[in-house]
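Given below, in the form of structure tokens, are the structures.
First chain A sits with chain B, and in the next complex the same chain sits with chain C.
After this line comes the complex of A and B, so read on.
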């Protein structure tokens, strides 16, 4: 327990010393502001560009009423960017330690490898939770200020779906880190798996089971889709998440570091 | 294109935090560049140029993604 605490503390300090936490917080606040800002500005932009567009023969673009829904749609358009930024920032969490050999000392002194993995995973989960909550709350507050959140259905539930997707990606990244040796291989494996999920989602029957379905939670907001349709994908996400964690513990224990 | 009929006051809640964030990020990036001698790629002059020219978020983010050495 003491070893685990010490390693978690080391990981947590690293977040501050390398400015990682600060940068991801700034990015998430920025993206939280951008969603309602874009929703607010779009009709103004169309208005000012109406003459230019008319000259080019583009006419009759109707900008519907901007509501809280527009703001949330922007939020879900941008949210995959936050996941990508997170993955890029944390893809080197293990691999830089492999390359610089900083884990060798700790492991030879008797620290179990599972504890290293668990503490890194915990810290990443905490950072993801903080970044996502900050992003979500910023958009929520602005949307409440300019419009009215009560007209958006399943607001919190849709948010939780994307949050779970982020956790799943972290699990994937951990597995990739316990297989690959370089930063690039981690990015490629993680990105590759997500890309395969996207491609498989073309088949409608399969799409219901794909983790990437959770990223499309925006369709819940206008109440067109029932909450229950996400049950299958959520179960798949939870199962595959547990499998990636068990798999990464097994791979990491055999890994040459 | 004129944005003359836009009420700036209405957008202040967006603008003020974004401007503050932008300067905070710029400051952190500049301090990091000036206190480090080696970079993953590029030189100090290059990164100072990129960070200051692209100070609307993109410069500092590029530096932290591509230029900062892994510690």
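After this line comes the complex of A and C, so read on.
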């Protein structure tokens, strides 16, 4: 327990002193503001440019009513960016330690490798949770201020789906880190798996089971689909997540560091 | 004899290249063991096998009578390890890093602070409590020794601790290791033979994956036929008189060499330090 606490403390210190936490939080807040801001500004933008557009022969563009739904749709358009930024920032969490040899000192002191993995996983989960909550709440507050969140159906549920997707990606990244040696291999494996899920989603019957379905939770907002349609994908996500974590522990224990 | 480390018939290949071939040797407790070999002879590989960082293809290793198994760290609690290029978390200060080490090795809470202070004083870093990022090679090497000795291990493994240092730094590191050897067994790999002569009392020579020779420093001394001496005179006059005396006695000299100017001595003089 003392070992685990010590290593979590080290990981947490790293978040602050290398400014990782600061950067991801700034990105979160900015993206959180961006969604309602874009929704609010788009009609204004079209209005001010109407004359210019008319001169160029583009006329009759109708900007529909901007509502809370527009703001949230914008949020879900941007959210994969937050996941990508997170993955890029944390893809080196293990591999830089392999390359610099910093884990050798730790492991040769009798630190259990599983505890190293658990510490890193926990800290990443906490950072992801903080980043996501900040992003979500910022959009929520602005949307509430300008419009009315109650117009949007399943607002929180849809948000939770994307949050779970993020957790799943962290599991994937952990597995990739316990296999690959470089930052690039972690990015390739993680990105590759997500890409394969997208490709398989072309088949509608398969799409229901794909973890990437959770990213499309925006369709819940106007009530077009029920929350139940997410059950299969969620079960797959939970199962594969557990598998990636078990796989990570097994691979990491035999990893040459 | 009581051995802290026993290596029994270890073989290890990397991609078809056999690095260690049926390597067998023991390290007696409370000795300073010089592990000598060319670059690429397999010194680092041997050390990483002892630490359970690599899996041997064949053979067994025992530390303090317990078998080393790959990936597990049971036997590492007896070992302090100084890697050839020790790397630390650059955003930490030495005290913070040593605290992390102390907590990992489960040093009793009430001893942690005093132990850290003791180690930093031993390696001469007690006044450098800035972030490790700005440390020089030599400072990192010293912090490496501090972290390796922190848990008072029974076996200290140092992988080429002096190879990358300037003569002054080398001397300091060797002095620290020598003083550490009072309380622990030291295994020390190097290709710098004078370093071995300075502090080791046992030597093993690794060549082509096997231990080509092993013995004590006394045996090393005895092996050379005791007919050579190195004599230094205070002045040229004395030297000439001695030579004439040898000549007048008709003593046969098979080899006479003029000693090279000792660059190390000169270096020490120029930078204003006493030589050993």
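Quick note on the criterion: the second predicted complex is superposed on the first by the 257 of 257 C-alpha atoms of A that agree within 3 Å, B and C clash if a C-alpha of one lies under 4 Å from a C-alpha of the other, contacts with A are read in each partner's own complex, and residues count from 1 in each chain.
Heads up, the rule we're going with is that a contact is a pair of C-beta atoms (placed from the backbone, for glycine too) under 8 Å apart; a residue touches a chain by one contact, two chains touch by 3 or more.
The model shown is predicted, which means the values in this text are computed figures rather than measured ones.
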Practice task
Based on the superposed arrangement around chain A, label chain B with chain C as either clash or fit.
Solution key: fit
Practice task
May I ask you to decide whether A:195 touches chain B, chain C, both, or neither, giving the answer as first, second, both or neither?
Solution key: neither
Exercise for the section: Please indicate which partner A:23 is in contact with in the superposed arrangement: first for chain B, second for chain C, both, or neither. Expected result: first
Exercise for the section: Mind working out whether A:231 is in touch with chain B, chain C, both or neither, as first, second, both or neither? Expected result: neither
Handout entry: chain B versus chain C as contact partner of A:33, first or second or both or neither
Key = first
Exercise for the section: Once the structures are superposed on A, label A:13 by its partner contacts, choosing first (chain B), second (chain C), both or neither. Expected result: second
Exercise for the section: Have a look at where A:49 lands relative to chain B and chain C in the superposition and call it first, second, both or neither. Expected result: first
Practice task
Could you tell me if A:107 is touching chain B, chain C, both of them or neither one (first, second, both, neither)?
Solution key: second
Fill in the blank from the handout: Note, angle between chain B and chain C viewed from the Cα centre of chain A, nearest 10 degrees, works out at 80
Practice task
Using the superposition on chain A described above, determine whether A:92 touches chain B (first), chain C (second), both, or neither.
Solution key: first
Practice task
Could you grab the smallest C-alpha gap between chain B and chain C in the overlay, to the nearest Å?
Solution key: 6
Problem - Shared contact residues on chain A - chain B and chain C - result: 17-18
Fill in the blank from the handout: chain C contacts chain A in the complex at 51, 53-54, 70-71, 73-74, 76-77, 79, 81, 83, 85-89, 91-92, 96, 99-101, 103-106, 147, 151
Handout entry: chain A residues within the chain B interface of the complex
Key = 17-19, 22-23, 26-27, 29-30, 33, 36-37, 40-41, 44, 48-49, 52, 88, 92, 96, 142, 145
Handout entry: chain B residues within the chain A interface of the complex
Key = 1-3, 6, 11, 13-14, 17-18, 21, 24-25, 28, 32, 57, 61, 64-65, 70-71
Exercise for the section: Could you please specify the touching residues of chain A with respect to chain C in the complex? Expected result: 2-3, 5-7, 9-10, 13-14, 17-18, 100-102, 104-113, 253-254, 256-257
